[in-house]
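Take a look at the structures below.
Next come two complexes built around subunit A: one with subunit B, the other with subunit C.
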Partner chain A sequence: MSSQSPTLLDSLSPTAERQEALRARLSEVDRSMRTPGTFFVVAAVLWLMVGTLFALLTAIKFTNPSFLGHTEIFTFGRVRSAHLNSVIYGWATNAGFAVGLWIMARLCRTRVRHTRILMAGAVFWNLGVIGGIIGILKGDMVAVEWLEMPGYVTPLLAISFALIGVWAIIAFRWRQTDHVYVSQWYILAAFFWLPWLYTTAQILLVFEPAKGVVQSLTNWWFAHNVLGLWLTPLGLGTAYYLIPKVLGRPIYSYYLSVYGFWTLALFYNWAGVHHLIGGPVPAWVISAGTVASVMMVIPVVVVAVNHHMTVVGLHRQGWRSPTIRFIVFGAINYTIVSLIGSAMALRDVNLSTHFTDFTVGHAHHGLYAFYTMIMFGGMYYMLPRLLNREWPSAFLIKTHFWMTALGILLMVNVLQICGWIVGEMMNQVTQDGTVAYTFQQIVEFRVPWHWLRSVSGFMITIGHFAFFINVVWMLFRPSKADQPSQPTLLTRPTAEANA
Partner chain B sequence: MSDDIRKQYPPDGNPRETFEGNRFEDARMQRVHDQLMRERPEPSENFAPLPLALTVLVMFLCVWAGLYLAKYTFEFDPFHYNEDRAANAVADEGPKEVDMMALGKRTFSQNCVACHQQDGQGQPGVYPPLAGSEWVQGNPKRLIAIVLHGLAGEVHVNGETYNNAMTPFGRLRDQQIAAVLTYVRSTPDFGNESDPVTEDMVAEVRDETSDQSEQWSQDQLDELYPIDG
Partner chain C sequence: MTLLEYLGVAVIFATLFFFGGAFALYWAKKNNQFNNLEEGSRVIFDEEEPEGQQTDFFPGER
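Right, the complex of A and B next:
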């Protein structure tokens, strides 16, 4: 399909714009997102580096517990939570703001107006996260997983989120198109879901704590849904926008898009309960969570089919584009990680995986191999258009891809294989009813695996440095208006080039 | 280049589009828009129907979900926790019998073992032994009183003199104290063979000694609860 030929839908729509005017408008949209989009990307990348540092520290402590263990702020409990919060609220959320708002504005064909308000929200959000991380390191942590940030920053975070999120809604409200594209549903929904999750969890857990097991239910409902109802829709929305955009081929099926979106909305928010299998929670709640987790197979398979049928046959072209390389890697891992997640919600599987490294591997699989890789892809596409510059180095992009892709695959495999074996060891009982392996034996078994995990973390760090250098280099490079422009591709183009 | 653009996008009557079209002719503008010009069109969707295999998979999952929920929801009973157990099995069991020796052993290893040791021998000259001790196998009330309020100063056990302090364990529940003393008095690990201690006895002594605010001395104990009393 030639890049200029209108699609069937365009030719039917009475308001369809001619490509020329459409491109001029996209240029206006990109221009209006330039400052906030760049700010979010830079903040996200800085948080990524900070989060990586905390991650490496945490990983090393598994094999050398005394490493920096004598400084209070670098003890395991604090560094681990600092890692989690800086990657979720610093990296992942800033990246989601950047890419999500930009895609939303582009698809709605609306400029972002009054960017100062958006910038204020962006600055306060990041100040809030900085305050939260300092609070965690200082020891003011709230003892609830995923909500460790102390109470004095959470209202700030909530208000700044409102200031930022409202732009997605404003863009949607004043959209200039008839047809609402699937990425718009996902991104709009995500911007409604996160404030719902965050305020409910804060109220039920911190400000007006619920009694008894309702707390743990709320906790895991929240923690699982930050991934499921905030990051996942942002990741899928980005993939749905960029795969057809870069490859120049329409999404395979509108029906599958609708189906995948609504089944995700229906099932995901139940799934978190499976973290409490075996806990003192009414059995029917767990059963409902297990069923919803297994039913998640439907949206996952639907999205997988939809993406696969769109990409199929264009693999060589995809391999050339940094964007598609990262996004296809992320999309494939979305399918794998979600199917593993459904299996983990089954009681018999959970019996082995619970309380082991398997869960840790699963979390990194979802957050890194799926979400983070897709966000890298989104940034590789978005940043040149915001800054009007090209990526300085294809070599650094390749380094970034190979180090992070191989690193995360190694990490997930190491943690999940080790976790499964440990789960089996912990469940093994001798004939007279005592445990077959002592705590000490299990800890010793894990040591070599955790060395490998540190190696994988080190590879990912190298990849992040490559990305960081490329971003900084690009920021301080002269604008390309005075130079010829070529997209930065990873292999030599054989046909029409496309970044 | 600008001619190509003109051919590709001939201006029509729309003033906005004509304006945009003219802007495209500026060479610098064109370079600025290189990225946009080489972009593919904005994404759109085709309308392929749902694959049949997918529909079958969804039907299969729905049937499984129905069966699973029917089997494991227990009429949404909020007090039913164990998925493996049928709904009414819990009610039939009645209150659970507590194994006092097992509870006692656990309580011992959580609270006492650091001083009195796993084998109940204590440490010579520092902590008195429990195994074979006349204190342990004598008046159970004396023993309960010691656990509740602790002990300080010189004590004489099996002909040896010890001068140390034992912290009070009054925070333990009556049942735990009864269990740990039953264990200490009759476990074959220590070679002791005395009668068990009941919860009622613990409650009684707790009540009698409620005014005691300090650790006991041996003299006080000999007066209130003599060994063979």
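Right, the complex of A and C next:
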């Protein structure tokens, strides 16, 4: 077998043995990941911009319902679902592919094999998502939350994911290290869990839909687990790799981090049914979901203690790193959003939060303040190493950080405070047993809060434009424009590395 | 799909999940993945990105 270009059969052979000569230096791994990694980042950033546009349209419609309301494709139901699917399957998943696979390759110390397979998967995945979003806008949407993309694109998405996932398994199979680092556990598990979730949900919700309550249970089991068993492990795997890596300090308690992974694997997949508290679902099912949601406090506290104690004493240095700024922000919000999520799964709390903006705020808290911010941090570390060039503008990075951080904090607070008050209003009854507030009064109460939500959306959009400009500028600037001193890169790019 | 058919499919996938996890745990134990964890936490460092050295800064602000 050639050590430079093993065939696919070599790579898939169960009997082939590890060769120490194949152990790659980090810079070699980065170089081998350059094309697929850059493709995933560019696709993710383009989807981020598309998803942001849909988000703004949706937010404006809350205060101005007739805005673009006369054109079918821009009606609320379609634009809202187009936003959700473009950020989950476009932005978040492409970002996870980019950062997750890159970290996996680095930890396995193996060059990326069979780049063409990975690239084919990447191209088809994005074609599938484009087809899905067009299908949603056209009106072919499937009426299942988080699975709205029409049935004619799902086989393409499944095959593409298989091509990408196989690559992660090949990388793990050919790892040139003995110890499996905690981030590898998280990332490898995520690449098994998503197809498991997606296949189950497709069978039970789209191809042979279960009826009635069982359909809702399956739906929320799936939707919650896309966050919990796909995006969360990718986010945590990234944080566990990059916080110690950037600071040059090992994880405070590695034992706890491994323990945290296994408790997450045990508890998270039960939790989704808490979305149906108050629904016509057997009480024991909801109780099981509530117990699992509260048990999630264990892995969450483990992560919180570990990340905090790893950074403690190095805050000033960390603040000088774009990666650490974004990732620590994301890690802190992981703790907060998870503890709020556990509380929301309690029946008494859910009585106020259900059917309100509180849940919408919670979803954005998890997907943006935690996951998205960590992925931004991952890209700030990864892209200079893949391309061997520096980020062009510190000002744009800072604009990106402050606009997105303040924007999402404003959004989450606005939606959750508004949601809590609305929940209390909806539950209030007069002495004769009628509701104290009419539907119209509640809708009118929400209007100023949703103006504030649109403001937060504009702030986040400014941040995204800053990031987008920086990425495009970095990709297209001539390489000779790099300065002699390389602040982000440890070593100066060499002619060989640029070749 | 009837409730019984639904349960059949759900049980198959739940079993896959459970035994997948159990096998991974068994494999990890058998391959000494839970031994010498302190050393394991240091596998992310090497001569290119060594322990004790910060490896990321704002451009131009090192």
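Just a few scattered comments:
Keep in mind that, in the parts below, the second predicted complex is superposed on the first by the 458 of 499 C-alpha atoms of A that agree within 3 Å, B and C clash if a C-alpha of one lies under 4 Å from a C-alpha of the other, contacts with A are read in each partner's own complex, and residues count from 1 in each chain.
Keep in mind that, in the parts below, a residue touches a chain if its C-beta (ideal position, glycine included) is under 8 Å from a C-beta of that chain, and two chains touch if they have at least 3 such contacts.
Keep in mind that this is a model prediction, so the values were computed, not measured.
When the two structures are aligned on the shared chain, A:345 is found in touch with neither subunit B nor subunit C. Of the two partner chains placed around the shared chain by superposition, subunit C is the only one that A:265 touches, whereas subunit B remains out of contact.
In the superposition on chain A, A:309 contacts subunit B only, with no contact to subunit C. Residue contacts after overlaying the shared chain place A:286 against subunit B, while subunit C stays out of touching range.
Of the two partner chains placed by the overlay, subunit B and subunit C both lie in contact with A:250. Applying the stated contact rule after C-alpha superposition, one finds that A:204 touches subunit C and leaves subunit B untouched.
Look at A:227: by the touch rule set out above, it reaches neither subunit B nor subunit C. In the superposition on chain A, contact is made by A:196 with subunit C only, not with subunit B.
In the superposed model, A:388 lies in contact with subunit B only, and not with subunit C. Residue overlap on subunit A between the subunit B contacts of one complex and the subunit C contacts of the other covers 26-27, 107, 179, 181, 241, 244-248, 250-251, 254-255, 257, 483, 485, 487. Of all residues in subunit A, those touching subunit B in their complex are 3-10, 18-24, 26-27, 30, 106-107, 179, 181-183, 240-241, 243-248, 250-257, 259, 280-284, 286-288, 290-291, 294-295, 297-298, 301-302, 305, 309, 347, 384-385, 388, 480-485, 487, 497-499. Here subunit A touches subunit C in the complex through residues 25-27, 107, 177, 179-181, 189, 192, 196, 199-200, 203-204, 208-211, 214, 241, 244-251, 254-255, 257-258, 262, 265-266, 269, 317, 320-324, 380-381, 390-394, 397-398, 483, 485, 487-488, 490-491, going by the rule given at the top.
Partner subunit A is touched in their complex by these residues of subunit C: 1, 3, 5-6, 9-10, 13, 16-17, 20-21, 24-25, 28, 33-34, 37-46, 48-62. Residue ranges of subunit B in contact with subunit A, taken from their complex: 8-9, 14, 16-17, 20-21, 23-24, 28, 31-51, 54, 57-58, 61, 64-65, 68-69, 72-74, 76-83.
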